[in-house]
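What follows is a set of structures for review.
Next, two complexes with chain A in common: one pairs it with chain B, the other with chain C.
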Partner chain A sequence: MAAADSPSAALRRRDLCSRGIRLAGKMRADVVDLLDAYVEQQGLDASASVAAVEGVPLAAVERWDEQTGTQRLLENLAAYRAFRALLAQMLEEQREQLGEADAGLGRALAAVLLQVSAFAYHLEELLRLESRGIPGEEGDGPPPPPRLSLFEQKLRGLGVLRELAQWAVRSVRDLRQLAKPSSATGAAPGLAESP
Partner chain B sequence: MFSRWNWVACGFCLVLNICSPDASGGLVQSCGHIIPESPVLALGSNFTALCILNESCLDFGNIYASQIIWKIKNRLVPKEQYREINRTVSSVTFNDTSSLATPLTCNILADGQIEQNIYGITVTVGLAPEKPKNLSCIVHQLLRFRYVMTCTWNPGRHTFLDTQFRLRYRWPEEIFPDCIPKDVNNSCTITDIQFFVNTEIWVEATNALGKAKSDPLVVDPIDIVKPLPPQNVSISSGILPTVLQLCWVNWISDAMMTLKFNIRYRIVGDTNWMEVPSEDTASPRTSFSVQGLRPYTEYIFSIRCMKEDGVGYWSDWSEEKTGITTEDQPSKGPPIWRIIDTSHSPAFWTVHLIWKALKPFEANGVILQYEVTVRDKSSLSSPVKKYNVTGTNHTLQLREGTYEVSLIARNSVGASPPSVLLIPASNSKAPVKNLRTLPKHDKLWVGWTAPNSYVLKYVIEWCLVSSSSDCIIEWQIALGDVQGIDLKGIKPFKCYLITVYPLYADGQGSGQSVKAYLKQDRPSKGPTVQTKKVGKAEAVLTWNHLTVEEQNGFIRNYTILYKTIDGNETVVTVDPSKTEYTLSSLTSDTLYTVRMMASTDNGSRTGPDFTFTTQKFGKGEIEAIVVPVCLAFLLIVLLGVLFCFNKRDLIKKHIWPIVPDPSKSNIAQWSPQVPAKHNFSSKDQMYPEGSFTDVSVVEIEADDKKSFSEQDLKPFDLLKKEKSTSEGHSSGIGGSSCMSSPRQSVSDSDEGETTQNTSSTVQYSTVVLNGYRDQTPVQVFSRSESTQPLLDSEERSEDHAGGADSTAQRQQYFRQNGGQDETNTDRPCFERTKQITHANEGDLVGFVQLQISGQSSQPLGLGMEKNTQEAAVSNVLQTCTEGQTVRPETVGENPLSVDEMPKSYLPQTVRQGGYMPQ
Partner chain C sequence: LSLAAPPKEPVLMCRSNNYPKGFYCSWHLPTPTYIPNSFNISVIHGTKDMVCEKDAVPKNRCHIRYLQLFSTVKYKVTLTVTNALGKNFTTLTFDEFAIVKPDPPESVVAKPVPNNPRRLEVSWQNPSSWPDPESFPLKFFLRYRPLILDQWQHVELSDGTSHTITDAYAGKEYIIQVAAKDNDIGTWSDWSVAVHATPWTEEPKHLTTEAQITETTSASTSSFMAPPTTKICDKGAVVGSGAMAVCWTAGLVVAAYSVLFI
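Showing the complex of A and B:
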């Protein structure tokens, strides 16, 4: 907290929050566009229901407004680290399946992957400013997903993107909450807002 | 380059190896090599190379390091730079690599001083890269979702080496592929851009001599975006005539970047852009209503955008779109003025109402018509007249008086406020004062001092003054509170007549005028001068004024320049109003060249030269000379006429002498008895006193018809002349004396023919020696001048040389003239005396008078006895003989004595040439 008290730290924190909010917003927009392209390219139904993706915390959470800033950051960081791994796997599977046939979708996936990585970096920086230790990534990461069929891979990909879009929305709200001057890192945010 | 010299070096080695006897091991075996092999050296550094010989070559060829020589290209390196390290190694050192060149070869002087190459290397000299500076990046939006980032930097000095530049960027946890420039060394474009993450960007420059890295640039690419301008801009008219609504599409999503905008617009045809206040468009939007526009006006719009927070770059301006506002009613009435023509009758006016079309921003639409209302203020009972006009002028026929004219313009929306013009009966109000002009760039400022009374407005009229066409009036209205306006559309070098009228609420002031130029130039031609009058010492020059088109400005003065051919030029300045000038103090009878120069404020122009010559005599001088001369001449003429008049008889006789006709001579009667025989009763009367008894007279009948005329008296005059001359000439054949030799001929016509006549004339004369009637005979010659052809034979012998023609001519002459038109200036006195005998008394009186007046110095006594013919004749004869003293001469010429002379009157030639009377 000491670091957070200094003016430069406050500016840095505000800058990171602002940039993170815009990044999350752009990431959401890109993911939405990517979802449309993905559904179309993979031949899926946009309304198909997908089970929750394993390893990704749910964006929807109860008592969101009661969470502390650190909690928000930690949950976001966990989620985006998971997304980073999943998107990387999707990108690899995509390349395996289509090769260079659909470079556009691959580039869009890669761009979203970069954004997820960048957002995770923002979160880590914010946690550093909070003087909180950054949880290390699990050594071997999430357990390797079981070998799925091609269709299951497509559905999982659809689920990952949908959840990422959800998280993008939540992340914007989390960071806005954090960006408020009155918000104390450890204090619970106001009750008025909820994701 | 490098490989080429390698090949060269290998070629040298190959040659050396082939020549080498120790080639058992193989075909290629070098006798030595250089260390370092093909180095890259920093410019200005020092460098040492070693040439190492193979041991095998030492043994076989007695080649040692002391024999090594170094060469740069073909230039020998000074031996001071060599150093023999041992018997197989030689080194060479260069303190400055800038003196190096390629190749650097190691050679050896073998036996016989034969130079052989051992080895060679290429040397590359250059510089290490400098640290790249001024790194900057910009993200260009190419498509809706496509962005590229272009970074530029200053690569620094030229290194002379192959230097690689790399643009590198990374996130804290992510390193991206390097961007390697193509074909350039100062920019590179990254195509995979991720926003919202601070990215560290730097440039690395690398070559053989080192590596340099620029300062890193840490930037979120979103902060350096130059977005695409708004697309699909459309414009629609609003409800109000002063509003247009713009709509557009942003090509960048709000999620990524919110935008602010600039909107600019201008009227079509205008070049100046106006901008919507930036604070009105500082928020994201896709439409905007531009207000405060002019009705019925076409506008051009353009939009640009940038990140809302102002960090980054403005986009380019969007394509221009045009929109037009709707109509509104005219905002003001048209300016109106009048021109009154009273030329037909002062009591009836022809009033030309003229008004200006409203400007587009005043008309606010298409003017459909004008409504003119004329109210006679002199007569309240007169009805108001209304006219609907589509043009901008209207002509009225009005009786002299005061009128109020109002004008409104109407478009599809409504009517304008009325413009009112008061036309008073007379312009009796105060005019403006101190009217003046001043050029201001391309405008002409007209200023005045307002009258003391309150002025509603001013009307400024102006027109281009032309010598060839009428003044076409232009006009403008100025408000009453101004005291000067700028006139536009004024052409330079043209004269304008400007008139200002003050308009009052109850009348109009008289106009004040001034002429002005926007810009003056020197005249386009000079005046043509000529002389009106040239005198002895002065000349009056005249010229015409230049036309207003030729003046190009106000003529300030004329300058007359005149000079003689070899004299200095004299300059005279003349007032511009003059068209005539008198040059004075000129030299008489001298050629002058004069030219004339017209000057404006901006220069002068000289007209053509004109030359004139002053007169030799001044005015009156010729008259002073000529008049007296003429008068003298006239006087002389008059005297001459008077003289001639008085001597007319003498002159007549002199000019038309009476020539005797020999054919009618009575030679037969020439006998001594003739005086007695012949019964000349008349002669008896003529010689009453018998003084001429012995004179034999040849009587010519032709002369009988002719009485004594004035001409007949001429011989007497001549007789007197001979008298006077004979006093100087005692005698002489040519003396033309009546007492001369009988052979002396007497011309019947003039003196020039005297000789001819002498040869052609037969003298029928004799000398009368006898006294007449008991008087003492006087020796008198009497002769005939007959040209009777009887003497041809004699005359031919005497005058054979040319005399025949003369004779023939003379004969013909006599035939033609009959002796009437000839006057013999040497006619003998006796013949004349004979003629006198035929004269009547009156003739004699005239003769006497002539003698008195003409020769008063000879006081003869003729005039005293004019009452009697005898006395007169006697006196005449006496005078003749005495005056001419012919007697002794005649005697001398003719030695015949009185006694010897026969009594018969035979011609002289009888005695001399055997002439026989017929």
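Showing the complex of A and C:
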């Protein structure tokens, strides 16, 4: 593997970042459409405030501009892995609730889940390029929460999709920072640490 | 004689024209009270109180620095106005992305392209208030029309700060404006100051050594070549950034070429 700072690695990083930016942009557009459909079909109020839900990674960050490249990649990867699990759970709940009655929403959820999985893989590629190990997935996230009521499931779903839409925007910004020629991934936090 | 009055509900506006640094809020009263008023503004983000630092000028404005980015938690801004006869207030609630609106592009320049009667080259700069266009790139919307028509043509540009119009009507003076928007969030800026330009036209050969007609034009680009001895200003380029340049050209202008071809 080329050294992380070699010219070919720099080109590869720029290429991966560009593709990642396009992936994240498309993902965001689809999540926003899904959010609209979800709110309508679940009978929710689009302006309803949803309290932070346990297990949903928050996109909000302080001192974003001071983060190193490695921090950005690791935080993004942890987030999208969590969203992968959350969306899979939403899809399962959707199928249980509605069966075939709302196949359209189910298909849209599945499509976004696929994009989230693809983006997580893309982030892993970027981490490999930086010669960073990929954090393991075992033990990631808290144990499954107790079974929620139908309404609670709907609200959690709203929270998941809203936060995912924010993450998609943040990821575009993070990848732009990474793609800068002067960008360095910085000192990696110990990979034995949880991201 | 104006009667003093208690304040009506104030008009409050918040906007981020320098994302991701922060945002500002500005306010005014819809009708005068004719007595002194005091304004108090509070900004809450979730459960956190934020400080809105008042600007020295103008007095009815304050700005807030973002402590977090990419938050789904809304901001709540409450403005209270008080005078000797009463008080009133208004509240705005918004999320971080919704209020992002850059200032218009600056230094818009439009000029003809030599030997191309249907082209105009337009360039501009990012608004100087936008702090980091490399990390937070802007996209642009250009609109143009000949002065003689009402309908605008539109072009959206996802990168770069220049564009060549290739379908201009030959010989017609155009008006051109540009707007900007963050590539990912928020709303479009207001339109830039308008600039005028006319595509290049071929100089009529039989007039180059004879006529002594003076052309005057206000804020428009002439595509005619003035004799060097009488040239007063640069031909072709008009810069509009808060002001319209007036270009006077002493030289050859053929009245026939101002006939409109439609």
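Observations, loosely collected:
The definition used in the following text is that the second predicted complex is superposed on the first by the 180 of 195 C-alpha atoms of A that agree within 3 Å, B and C clash if a C-alpha of one lies under 4 Å from a C-alpha of the other, contacts with A are read in each partner's own complex, and residues count from 1 in each chain.
We adopt the following convention: a contact is a pair of C-beta atoms (placed from the backbone, for glycine too) under 8 Å apart; a residue touches a chain by one contact, two chains touch by 3 or more.
As the structure is a computational prediction, the values presented were derived from the model and not from experiment.
When both complexes are overlaid on chain A, the residue A:R156 reaches neither chain B nor chain C. Using the contact criterion defined above for the overlaid structures, shared-chain residue A:R170 touches chain C, although it does not reach chain B.
Once the two complexes are laid over each other on the shared chain, residue contacts for A:Q115 go to chain B alone; chain C is not touched. Residue contacts after overlaying the shared chain place A:W64 against chain C, while chain B stays out of touching range. Of the two partner chains, neither chain B nor chain C is touched by A:R72. The wider contact with chain A, measured as residues touched, comes from C rather than the other of chain B and chain C. When the shared chain is aligned, no partner comes close enough to touch A:R84: not chain B, not chain C.
In the superposed model, A:K26 lies in contact with chain B only, and not with chain C.
Overlap of the chain B and chain C contact sets on chain A: residues 25, 28. Looking at the complex, you find that chain A touches chain C at residues 25, 28, 49, 58-62, 64-65, 162-163, 166-167, 169-170, 172-173, 176-177, 180. On the chain A side of its complex with chain B, the touching residues are 19-20, 22-23, 25-26, 28-29, 33, 111, 114-115, 117-118, 121-122.
Interface residues of chain B, counted against chain A in their complex, comprise 145, 171-174, 192, 194-198, 220, 222, 253, 255-257. The part of chain C that touches chain A in the complex is made up of residues 20, 67-74, 97, 134-137, 184-185.
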